[in-house]
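For clarity, chains are labelled A, B, C and D in written order, and residue numbers in each chain start from 1.
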Amino acid sequence: MNSFGHKFKFSSFGESHGKALGCIVDGVPAGISIDETFIQSEMDRRKPGQNAYATARKEGDKVEILSGVFEGVTTGTSIAMVIFNENQKSKDYSNIKDLFRPGHADFTYWNKYGVRDYRGGGRSSARETAARVAAGAIAKLLLKEIGVVVQSGICSIDAVEANSYDFKHALTSEIFALDAKVEQKQKDAILTAKNEHNSVGGVALVNVKNAPVGLGEPVYFKLDAQIANAMMSINAVKAVEIGDGIESAKVKGFDNNDQIRLDGFKSNHSGGILGGISNGDDINVKVHFKATPSVFIKQETIDTQDNEVTCELKGRHDPCVAVRGSVVAESMMALVLADMAILNMGAKVEHLKKIYN
Amino acid sequence: MNSFGHKFKFSSFGESHGKALGCIVDGVPAGISIDETFIQSEMDRRKPGQNAYATARKEGDKVEILSGVFEGVTTGTSIAMVIFNENQKSKDYSNIKDLFRPGHADFTYWNKYGVRDYRGGGRSSARETAARVAAGAIAKLLLKEIGVVVQSGICSIDAVEANSYDFKHALTSEIFALDAKVEQKQKDAILTAKNEHNSVGGVALVNVKNAPVGLGEPVYFKLDAQIANAMMSINAVKAVEIGDGIESAKVKGFDNNDQIRLDGFKSNHSGGILGGISNGDDINVKVHFKATPSVFIKQETIDTQDNEVTCELKGRHDPCVAVRGSVVAESMMALVLADMAILNMGAKVEHLKKIYN
Amino acid sequence: MNSFGHKFKFSSFGESHGKALGCIVDGVPAGISIDETFIQSEMDRRKPGQNAYATARKEGDKVEILSGVFEGVTTGTSIAMVIFNENQKSKDYSNIKDLFRPGHADFTYWNKYGVRDYRGGGRSSARETAARVAAGAIAKLLLKEIGVVVQSGICSIDAVEANSYDFKHALTSEIFALDAKVEQKQKDAILTAKNEHNSVGGVALVNVKNAPVGLGEPVYFKLDAQIANAMMSINAVKAVEIGDGIESAKVKGFDNNDQIRLDGFKSNHSGGILGGISNGDDINVKVHFKATPSVFIKQETIDTQDNEVTCELKGRHDPCVAVRGSVVAESMMALVLADMAILNMGAKVEHLKKIYN
Amino acid sequence: MNSFGHKFKFSSFGESHGKALGCIVDGVPAGISIDETFIQSEMDRRKPGQNAYATARKEGDKVEILSGVFEGVTTGTSIAMVIFNENQKSKDYSNIKDLFRPGHADFTYWNKYGVRDYRGGGRSSARETAARVAAGAIAKLLLKEIGVVVQSGICSIDAVEANSYDFKHALTSEIFALDAKVEQKQKDAILTAKNEHNSVGGVALVNVKNAPVGLGEPVYFKLDAQIANAMMSINAVKAVEIGDGIESAKVKGFDNNDQIRLDGFKSNHSGGILGGISNGDDINVKVHFKATPSVFIKQETIDTQDNEVTCELKGRHDPCVAVRGSVVAESMMALVLADMAILNMGAKVEHLKKIYN
């Protein structure tokens, strides 16, 4: 179950402190130019070790393409990408080897599998998301061919909320802040928590421009359902909102409806999705990340031998996973859209006639 | 794409005003006693036309099992269930035949498919969810075999929020209210909106007791991701929260972590899921429904011939889809858990040895 | 696992002596005209009880469409079809209720599921194939839109082999014989076996004309692999050959290669498939059916209580399942091709540009 | 579509002359001991360049495990394996770059994708099967845990057929011959063809011992259908027979039925599969490989610019792909059985009770 998507899909592998991570992207149409510099730049946005707001773990996150691209162009065959872990030298794990860190997957992995790669969380580590970003970069190159743009940023950190969204600013912000005016306050919230050996949560906003009308497959593979699935599969995500989201449940029907004129919808409460299908308007999705469970404060837990113990973590961790998580959320959105764009082909018989007649 | 689930799964069919709705449930283990009275009672909970808080459309919603059950027991083959529409006599649809009702799927279906069953929304109608409840009842009978209980209720209507959750009370409440103390206020909100030809939103809470540890498949089929997908695929749902959900993004890591003792977790902020895998604690999910888009107030829209027109709906509609939606959400949860319970078999080699050696 | 196909797919249900059989066809493009008379005519070709060469069981096999078609045209939603069993009145099954008929699935179903609908073989009966033919008729209507023709006939009965293939003759032959010259001999073989309370095997040939180049998805969903899967899933099939099949393994490489000229391939040893992808030439597949296991001769077997017993069957059975099986094989071919035609959309980025730009 | 299997599955990548080949094996139960020496020994059986009967291309085919195994044991996460191509230095391909080699996938890949990695056939090369053998080795280690044994050998080369089957002999034979008595004649057939710049076909037999009763999912994922799919997906395979296969279509029903006694079936015409489900007897499958299309004799063809040209191949090729193909067929059988063993879990409610109660 390490695959995501239906026709445009990827399968991934790799543990936090294993030899390598990577993925196979399948269902990529032939004829797409592959810009390796772009793929690496996407990796670099998510890369750890770049500033005080992220984990100090240093990883080059160099992607190598092993297949599926010939003379710079996709061939329609599966594209394998590998990222060798540089920083996997195992330190001493004896202090956490047998105990279950609160808020982490240690307890559940142990009970489900009966065996566990305890080094840095193994497969359950957010390090796995590097593979998602690599696959997402391929998805973005596909979407580019049909003019679709995906972007993201941070709209809230520790309940400090953005009042306006500037995706260009986010690109240059160390914490991908959407609102320059609250950015410093958001940064302060991160550093304060870090200094207190604690961590903070945050909210990412993912936005899509120029999505064609018609993406999303009723009734169980609706675009919003696929997006919710994608986002909730990211480490630490606890809530997903489409368009006005939670607010939609609080207003009256008349106020929530987006009335229609010939030049488009008069509002966008729906977040660009009606009946599970894109309506051509901007797609907006909010992704809520809990605070990193790795805090350096004493906590109670048990171990694999059923002893009640105390857990004191050490090491390097993101004080706010939402920041780098926003890049992952953006990648997942690109992956969903690329899949849905291909799945939608064949929705009407005219599509078949365009291809075959 | 009218199928849901991976191993325990169902495929459904049917339009709001077509001949019939129904489903095929596949992957049901042999040997489960099928209590048809129970299945019908589940249908009856979702059934329209029962009180002032729901649509006046009358449907018996009688389920007939066509296959897969022999002498009262499942045989391991696919179970087909059909519900004939009694109330499908088509009234005059000429007023909405060619226009796109704001907030509905009319616009997107038309653009995606180029053809549309406009009677009552066709396939995009929430009437489709009858099939989900029928399939969900089979899922519940499976879960009963391993002691898992799924229940639900309404925690908020039009921002009137429950302060406590009593799932037993919800069973007897006309609006499935979880908190008897705010129930009347919630009812009033519905009726007020109804009288103003408007509609209200609401929030359902789904709760699971006795889920075994280990359900959920990392990393892209996590239990929470599957639940988010399931819930967001329900008509009118715009947000999904797992456990503390949005609140999780506002508190510090230390406060959000559920510390562990030998007798269980000391808190349940996570909503019973860690690393995408059930941890044995209660699973709690909040599902936010927008207000019914069918309001009887004049709205602006366009039609299939690109005319700007005014839309004035008439007819019968739920003034608050969240109410009956909570039953659907509960059914979807049962379907996800049944699927995950079967998918988890084979997680460790001991499972194989128990079955084959 | 009662679903077939990937994007154009169907799920089926129903037992030999249950209330009804049927299917849900999913992934059907919108805008296809549905000719119900054609669908019924396909059913009638497979229908039992029509002559001395088939089982005497009488079934009208009337198909009713329950959804997915509006005003004679597909809407892109799932199409449900149901066939009520007319002849399901259960006779006395006490003689076979507890024993395992040799050559049948009784033994394996009992051991796999621990429970069994013993009436006429339940789900394992070839009666299930009625649903395949209904779904196949939809597939044929789709293929008609892009000019693809699927046809079939019997090339061998009890080792009496056709020397030439006339698919038009097959349409009018009671045993779908491809070669009028050996038809009588083939019929005699069937009647002789029938009179001796025995049965015979046979071979069907399925032929496709005008398949577009490019159908089939390397490397594990090759067109020939999908066809083999489809054919081998039909009751009583024990071998599948593509093109020259078994003969291909006996000749030299040079002789087996199909050399190419501008006006096409100089020969068609490959059966229209190269590297798992259709090459535009005729697709030819041979499907080998074993003789019906239901023979009315005394046989040794055991029962569910582990007694060694003697089995003497009575009743109505096809003396040669290959005959009606050829219609099923033809339907399965149509289903594979419809699926592959849709899956192929997106093979190159030009396809996306045609649809989205 | 570069994935195979449903629950125990693998995805593969890699071209003949690309950087590397490999696969991700997913759905592997935790707790299986991974013997890397065994995996490599399986690779070595398929490895080219070992004797006069195979291609002279030299490849070490060293497998490296990148993930999913911790301290020698599977962890339940995805297992990535990579094989770097050593011999991928591109020679001069100018002579075949633009033309379609008869009998190869060149023509169809070009037409399907519009772009092609022409070096050694790219993804359509049988070199891809190295990944299948690596994945198959994992499947074998899983099957070992439940006592299932898969073996194979060559029963026919260029119509020189084995009269008896000795799987132990096959292990030591350079051409995996099952019958030592005809082995020399089979070898001669290969060398004669090779000397004439031609090639020969052959037939592999795959045998399974100790398969549990109950594997295979009716009705469209029958064990035999899955096997047929698996085998037909191997390069150059043109026919698949289960049990007596083609012979089954020639004998009478009574003679083909396997009567049953308490100590087992009295015969095994069925090849161990009844109604698509394993019956506990030996599973026997014959896989027919066409002669290698790469012959060094002048052939007529066309090129990508629609010129009629002459094709004269040079280089290194297997004079008989069936030989190494038998190892691949054996691997595919192991992969199908591992998948079916896991899918079967949940067939009856007793299975769930064994795991969860």
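Definition applied: a contact is a pair of C-beta atoms (placed from the backbone, for glycine too) under 8 Å apart; a residue touches a chain by one contact, two chains touch by 3 or more.
None of the values given here were measured: they were computed from a predicted structure.
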item	value
Distance-maximising chain from chain A - centres being C-alpha averages	C
Interface with more contacting C-beta pairs, comparing A-D to B-D	A-D
Cα-centroid distance, chain A relative to chain B, in whole angstrom	26
Chain centre separation in whole Å, for chain D relative to chain A (CA means)	37
Intercentroid distance (Cα basis), chain D paired with chain B, Å	44
Shared-contact residues (touching 2 or more other chains) in chain C	1-3, 12, 27, 30-31, 74, 76-77, 109, 112-115, 123, 218, 343-344, 347-348, 350
Complex interface listing, chain B residues touching chain A	1-4, 12, 100, 102-105, 107-109, 111-115, 123-124, 128, 156, 158-159, 193, 198-203, 213-214, 216-222, 224-233, 235, 237-246, 248-254, 256-262, 266, 270-271, 274-280, 288-295, 297, 299-302, 306, 308, 322, 343-344, 347-348, 350
Contacting residues of chain D [partner chain B, same complex]	7-8, 27, 29-32, 74, 76-77, 142, 145-147, 212, 218, 341-357
Sites on chain D touched by chain A in the complex	1-3, 11-15, 18-22, 24, 26-27, 30-31, 64-68, 70, 73-80, 82, 109, 112-117, 122-123
